[in-house]
């Protein structure tokens, strides 16, 4: 684990990562109601918000739109991913090399591992290569640690999420992105199991502002080092508004209610 | 995504790519009625037409016939393909390396990916290697993005074709070749989903001239950047005639009727 | 496709390739009645006949017996093969590298591809590596294009054999070796489908001299560029006699009857 | 086999290896009752005990916590492992390269092989690469030789454990870690079968102190070269106490009773 | 095929190879009755007998015990092997590289191929890499050619054993080790099918001295170039006695009876 304290990915050890790999992972139907945001330029704009410490996108979006945002966006190169048209046991394709991401100016790399899938071991070995190459380029590594597949009945169970963060620590991730395990206590367990590896909350599907920010607040209180949010921002009517609120909850210890009232 | 604005593959950002990989993909029975065109020299001749901005063929045809057409044909090296004798889940063999294509003088490379096939992830990773090597040779990359296989019930559904163009953008293609999604509205959605990646229409099986050109007209109006056409030209009685008409519809904004009347 | 006009493998663009990979492909039971020919030296002797423009053998025979025949035999390194003890879907092992064959002094390389087998795509990619490395060593490449496996009901059907030669052309072979498609017309179709790639007839199992030579004669008339013959020579009572006759039919346009009478 | 006599991993040819790969292999539920030991720093502290000749951990823990313990801990880099969420036939992912471990300052490497699993041959070949690279870095190699999977009905049977140590010797391990085969006689057989390869006992699940130390005593009397212990130390109420006792049994030939009384 | 006439592996073109890979292939239960021979040092001693022209062992035994026998044992590095705990279709793991064997001072390498197994093609390609690398190190290559697996009903049938030796010749082996095909005539056929590749008899399971030596005598008379013997020597009460007898039968054309009487 590299210390990310001084990386651009964090502000005082905390992170708000805006994730926008949904075009590949879920497809255009996810843009219903926000059709204009099919244009990645609109979401790159959101990523210039001060609160966003890292913007996670795939190769195509990075290649095409990042060059004109190099000064106001920290690029987190999301290296693997796959479409939801694919029906196999949970797995992802490695869509770009660390070298290519570094060449493009990435500030960090991200990689999904599905513990419990029949492909867990292959993905761990892909993560090994990514992680060790990232070290050569001094790039922090975030693991999307998503227990999924044949071995997993309920992927949000407390022991499953705690195991997910521990796997991230054990395999050499600097940041572990995990789903919310439904309680503060379970989130605390997940943070403890990760040792010095920073745990960030996965924002998940779009919910109401207060519900969303309350979950973030609880996770921060349980020791999370921030969150990686996607749809709750880029599907939001007013992305700047919700990012302003997130900034207070994540970096300024505000409660959800306080953040929404300002 | 590399900008293809100044590549030989486009004229004012638009492309007419003549594709002739049918010998491998479908076999000699596709040449019924045009038996003499089994001789690739005859189709290379068609590709010298001014309207054709790129000629997509496999390694064998490129090696054998392109050297005598270097000055009047832009070679798009179609890197993967497979015969229809093969009965597996949709997949393709990578039949030549980018290096070999570049050595032969290719102006661009083309690669088929079948989203939704059990082989989607392997093909995406093959595309990764092709795409990153093509960048080293400054070669634009066209993705034949054809949703096919176990995950696909209807490969021309609007959301499936929009997903196909988005996958091409996300994986780093410069041009996305997709089937016509049956309506202008769906074609518009597909173009929007592709962001800055240029969407070209796949010409598909031979149809009547007016029907064919009307589809092209509609696609162009919906924002397509041209088409990649095969059988509707090299199976045509008078290839020059249909290429003249295409030139007007694609580059001069003529309607199908106008193009056919001149 | 490299022009083989000036390669040692052809005499005025025509070839008689003696093939002797049967020891590996079919085993010692094929030597019944010609037990002494188990000794490869005896078959190397046959290959010194003037009519033989290339001798196709595997690595072991080439390593052991070719050094003492470098001056009077053109070595065609048959790179892949497998025993008939193996019961899987048609496939072959790649038993030596192009580099090793070139080092040994090979004048050309040969490679089997089984279009229609579940392994077609893997074999095409193995052929890609062989073909591109052979180009670096200026070695012509002959493809044994044998449609076989799950996708093939009748491997000698006219459209199947025409597809087989087209596949050879499309993948970059210089010579396509195919089975006789049962008629002159079908052979003509196969030759046309191959474009500039030379089609040679596979000699197949031992038959009567006149029947064998008549097939060769018909194939030549249909535009074949010669044949690759095995058992009809090395299982023959008098190999020199049959090679003399073949020489006339292939290089001197004699009929089967004329060749057998002299 | 490299002689480990002079390696830091042994004291007078004997070893007490503290193993802590349970976070990855078994997950956070194994830390019940010792929740604070989820923090790897607490277990690194235990490893500074004089009796511990090697501390076996995975990449993440080594990267994060070993740098501050370089002077008082000998790092045994446990190269492969996998989570218990994974339901496949016994196998492990190779999570870091020998080069990376050597760069980090490892004093030895460890690798699990599951003889009898359908993946035995793949794991043996992974072990080959690890073992030959470790030789280049003068790093002793410990094999966790755990017969498991389709071929194994009872993984502690005497002939199975003796086979496990022989496999370690035959494949080039310097140390073989095996489960206790339920009797002194069977342990003797296992030690004999290993020739000069040192056999260390796997500590296994937490048991009572006297039961645990008696097993160690018996194994040492049967010729074992020490043990690799995990849960019987880091799950212990007083790790220093049990390590003191182990030190006497392993290095000073004390009986279990003597060691517990002091 | 490299000529092994002048290699240390043969005396006047004949070989007695002592094989001791049983520890890995069959496990410690094979040492019943000769428990002390679990110590490989005892079997290395046997290999110093003048009659032994090569001693075939795996990496672990070679690494550990060969350095102290470099002057009195010719090391044949048995590169692949696997335990009998493994229940898959016949296959072997490649346990050390040719480079590593050459570095250790090997005089030759050995490799098992199971023709007829579903893994035949993979093993042939592993043999290719081993064989071509061995050539770079001037190391003769012995193939254990053991037809086994789904395609083999009776692995000792005359045509199967003749095919086994032919496969060894065809793939580039210098020595073919095969099971005895139950008759002198069948052995003759196997020798003929191998051309210049030397055929050595596999000693097989322990039998009575006269029965064993008679089989060797018959094989030698049928043209075998010696034998590779394991259990009939290292399980023997008096290994020196049986090696003395073998020396006479293999190198001095003695009959079994003569050899046993002296």
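As written, the chain order gives the labels A, B, C, D and E, with residue 1 at the start of each chain.
FYI, a contact is a pair of C-beta atoms (placed from the backbone, for glycine too) under 8 Å apart; a residue touches a chain by one contact, two chains touch by 3 or more.
Chains and their UniProt names: A, B, C, D, E = fructose-bisphosphate aldolase.
What you see is a predicted model; the values in this text were computed from it and never measured.
A.B. asks: Count the smallest number of chain-to-chain hops linking chain A with chain C, moving only between touching chains.
C.D. replies: The least step count works out to 2.
A.B. asks: Could you leave chain C out and let me know how the rest splits into touching groups, if at all?
C.D. replies: one piece
A.B. asks: Could you classify the chain D-chain E contact as same or different, where same means more than half of all interface residue numbers appear on both copies?
C.D. replies: At the contact between chain D and chain E, which are copies of one sequence, the residues are largely different (under half shared).
A.B. asks: In angstrom, rounded to a whole number, how far apart do the mean CA points of chain A and chain D lie?
C.D. replies: Between these chains, centre-to-centre, one finds 36 Å.
A.B. asks: For chain A and chain E, what's the span in angstrom between their mean Cα positions?
C.D. replies: Using C-alpha averages as centres, the distance is 57 Å.
A.B. asks: Starting from chain A and heading to chain B first, what is the chain order around the ring?
C.D. replies: Order around the closed ring, chain A first, chain B second: A, B, C, E, D.
A.B. asks: Taking the complex as given, what residues does chain B use to touch chain C?
C.D. replies: Touch list, chain B to chain C: 21, 23-24, 27-29, 31, 35, 38-41, 58-61, 63-65, 81-83, 85-88, 91-97, 100.
A.B. asks: For the complex, give me every residue of chain B touching chain A.
C.D. replies: Residues of chain B touching chain A: 1-2, 115-118, 120-122, 124-125, 127-128, 131-132, 135, 147, 150-152, 159-160, 162-163, 166-173, 189, 192-193, 195-197.
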